[in-house]
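The next part holds the structures, each set out as structure tokens.
One chain, chain A, links the two complexes that follow: it is found with chain B in the first and with chain C in the second.
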Partner chain A sequence: MAAGVLTGVRQVLRGPRLVSAVFSCHGQTFSSAAAAPDTGETKILNFPLTQPDYFRLSELFTLKDLFEARVHLGHKKGCRHRLMEPYLFGSRLDTDIIDLEQTAEHLQRALNFTAHVAYRGGIILFVSRRRQFGHLIETTARECGEYAHTRYWKGGLLTNASIQYSPGVRLPDLILFFSTLNNVFQQHVGIRDAAKMNIPTVGIVDSNCNPSLITYPVPGNDDTPVAMEMYCRLFKMTINRAKDKRRQMELLKGISASV
Partner chain B sequence: MASLCKVMYNVSSRSSLLPKHCVFTTLRSCSSDASGGDGKSAERVKSGFAAAYEQHSGLRQSGDQSSGDETSFASLLRRSALSQMGPAKDKIIVGKIFHIVNDDLYVDFGGKFHCVCKRPPADGQKYQRGSRVRLRLEEVEMTSRFLGATVDTTLLEADATLLGLIESKDSKTKE
Partner chain C sequence: MWICECGILQDVSLQCAKGCDVVFASCLSACRRANMAASGCRGVRSILWKYGSYGNNLFVSRSKMVPQLPLRQIYVASSLWKKNLAAAGPQKFTQEFIDKQVEEFEVGKRHLANMMGEDPETFTQEDIDRSIAYLFPSGLFEKRARPVMKHPEEIFPKQTAIQWDAEGRPFHFLFYTGKQSYYSLLHDVYEKILAIERHQDKMRNKGLFTSDTKQILLTGSRWLLKEEIEENLVENISVQDYMRLIQLMELLLSMPYCSLEEEFILKFRKQLEVQSSKYEIPALQYDPQGVAFSVADGRRKSAKASITLRDSGSGNITINGRNYLHYFPVLQNREQLMFPLLFVGMMGRFDIEGSVEGSGHSAQAGALRLAISRALLSFVSEGEVEKMRQAGLLTADPRIRERKKPGQEGARKKFTWKKR
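Up next is the complex of A and B:
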């Protein structure tokens, strides 16, 4: 069982490095697609990666905001998933309490990663199977110009995309899971499929979820409307901020090129 | 004893300087004025209650400064209403109706889940979206372990009985 926890941790650690490798490949293809290596273009793409918090996302939320949005409340002790134990602060009268200090760090990393993906023009897919928040997630996705899938997940959506859609279809570059369980309390098929297709995932994991296959898990409450509204607001602000920054950098490059 | 309690209440409620002055004058009934109490007391040697009062106010100030970071998660959790409430069984709480489906009222009381109550026959039409109601809480989350299962099955709802509406603003203004 300790081995199970260790592999979970190792996968999480491996995730970002794999992704950065993928991104450096992307950088290469971008520069080779343009006829000559364009130093302006590579500077726009590479400079944000050198800063720890380029988009200043730590000012978007505080621990107190997370607390007031009831993010620390977990399910009952009997519903707990074994692999969520490292993320729990403890359990009070049989209710699990999620450690918000760990959540804040994980959320910061997840938002930073989402911002970088959005900055580089990646496709982000919002997924959740909670019917209570389906509409909220769809409107959030529309407001930041990204995509959402809150309905029944067909089997080969990602793994069989070239046959179900068309041969050259572009798959999402990041999948955000606002709830990693489906309506029968099993893990959402999209998590396993995204891992198969090398698509990084960010997921809000509650105390009854399995965080192993998710690249950037964010331990937190996924059942309360206040908490979900807060996550939606945070991700929307991150993506909009990143896209605005990209447009700003492009404009600056255009100005400096013309000068 | 009553005067001691009054001083402790004043000390703990972080009131402004004025009440402390008043307490000083009521106890030192000899001849001191309300104003300039601090300057006068510095000249005289304090004894008895006055000395104890000074010592306790000093202790309280140092206690405030040395008390841990008020925004740490552990202190927020300890002071939260849900922790202070204790076991959920038979606690009277206030909730707000956020959704109505015919006769079912979905009430949110600040916990992880909401509870669903039937509209009572008396004053049925007064229960609208946004109304505050009194509830007797049974459980914060209805879960149970069924035979042959490895984890509990959860209903994703709390369990509470509706007691009645909170007094509306109209009745308050009459008082």
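Up next is the complex of A and C:
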């Protein structure tokens, strides 16, 4: 029975990208979970949005941590993007200050979503085109057991995947952008491609970035090493937590290992 | 417009109106014809049925069906049905097929050994080649067209193995970049640079930082070429990628403590073969009487000569068992023989015994002269050797007979030119 639930959820992630089905609260899922042995477990798999913080990720960071990591520092007034204005607290001596309360909310939502994707064994791709932090991000991805792409983005990597890679390739289920701009200060091609392929994205948007196509934008500083290290640490801890929880559930409840 | 996809065909929920059933059945049969596995259902899309008002609704139930449906069949060229062979790329072999071929090869090898009456256990590839050449003699000029029996790994082109596990998760963390081995190499190099910088900082903190540390010896080696790196990585890289890699390696080398990563760097250097353009001086040998002698060879055009130079002699020269005066009646040839000894000033010191064959008298004399010069090297000092080289005594004359060309009398001579 639980296996049926899982295969249903898996098809959701694998097959036609009906991402909305994961979020649907009306039980239009592929299972009749009525007679499930553990309702708590199946509940979190089928109705993830009923619990806002299943993995208790809000204890990973505080507002003070964000401030000390200089996440609130944006770019100068001249670089400001019009669509980022709602997220800005104000500007001080021409430097934009990002509203950390909004950032904390967005970050918590983003981490929660990442945790849920990792819990279901989704493929997470870390993307950034900042050469300063490329190595750090690749190392973080390797330590979580996920994937990274901090190099030149070739045109059809997502949209022409069966030719770029091999016919049966599985695309990422979530893309994390640690900086949404590329080296010429234009929006990263991956954001548009992910939107085309119905792949949800989480992105750290600075005050000069466009947050519109990103599913879970997180307004914050993407230039300072302290801030980037903090983000990497947070996402790594989230993913590891989710995977550990999954392994724990599999051992305890004997759910089949296939996600 | 109604297009069916392979995946949805299996689903029962697509039971449509009465007209649809016909289409559905024909689509199914079309699917089977059009080879579902390789080319997908592209062929099916060519059968497009236009419904009146029901064009957009996929899930039409029976109750809603209308008896009279205006059906218009759209005909498409049959070339759409055919599989696009060019687009498929080089033929792909499954792992099971390759394994079966390997099995058959091993069994066939044993049969062949039995046939030839040899031991199947110690039957090597050379034996196989020999046996096949014996059993299937072929007069074909093209060696690659002759019958061959080799291990399937050498015959079937290597294909990259599937790079993800049963759940579809790729094995390598940089898989989605497209060039996983190359970028992981860059990642490793950068990691090493960071490690050396940390080491430097530690040494600085302790106050032990020095710039004159052990340097890696790079003389006599070169960086691997782009092709060699492509071979190692088993994937193609561009020229810019290659240059970037070399840049990073140079950066690594420029750091003071680079000797920590010496063996990593040397993996990317190739030792150049020691190019000894200098002729090796023949060793001085001693015969039972204690007399020193040396042996050397020389060639000119197609004449081959071999000389034995014996010390404490009196200037006798014997060639092919005859005295040089008899063998070379022409003065010029005798001068050629004499010149090396004259040059080093050891005219009456040596006894020369030589054998020569091939070509004409002048070429034989030249071959002998070269052989004498080479033999003299072991009796002469370093400075003299350099002088001999500058005199041209040690250079083999590269001139050979030029071939005759068609449309001409000889190599250069042309037929009589006629104005009209």
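Everything below uses one rule, namely that the second predicted complex is superposed on the first by the 206 of 259 C-alpha atoms of A that agree within 3 Å, B and C clash if a C-alpha of one lies under 4 Å from a C-alpha of the other, contacts with A are read in each partner's own complex, and residues count from 1 in each chain.
Going forward, contacts are C-beta pairs under 8 Å (C-beta built on N, C-alpha and C of every residue); 3 or more make two chains touch, one makes a residue touch a chain.
Here the structure is a predicted model, which is why all the values come from computation and not from measurement.
Let me test your reading of the model: by the given contact rule, A:Leu157 touches which partner, first (chain B), second (chain C), both or neither?
Only chain C; A:Leu157 stays clear of chain B.
Who does A:Ile97 touch here: chain B (first), chain C (second), both, or neither?
first
Where does A:Phe89 make contact in the superposed view: on chain B (first), on chain C (second), on both, or on neither?
It touches chain B, and chain C stays clear.
Touch check for A:Phe67: first (chain B), second (chain C), both, or neither?
first
Does chain B (first) or chain C (second) touch A:Glu229, or do both, or does neither?
neither
Which parts of chain A are in contact with chain B and also with chain C?
Chain A residues touching both partners: none found.
Hey, which residues of chain A end up touching chain C in the complex?
So the residues of chain A in touch with chain C come to 14-15, 121, 123, 125, 135, 138, 141-142, 145-149, 151, 154, 157, 164-166, 168-170, 172, 258-259.
Can you list the chain B residues touching chain A in their complex?
So the residues of chain B in touch with chain A come to 71, 73-74, 76-77, 80, 82-83, 86-88, 98, 108, 110-113, 140-141, 143, 145, 151-154, 156.
List the residues on chain A that touch chain B in their complex, please.
Residues 62-64, 67, 70, 72-76, 78-81, 89, 92-93, 95, 97, 99-101, 185, 208, 221, 223-225 of chain A touch chain B in their complex.
Touching residues of chain C toward chain A in the complex: what are they?
So the residues of chain C in touch with chain A come to 7, 160, 162-164, 167-170, 173-179, 183, 187, 190-191, 194.
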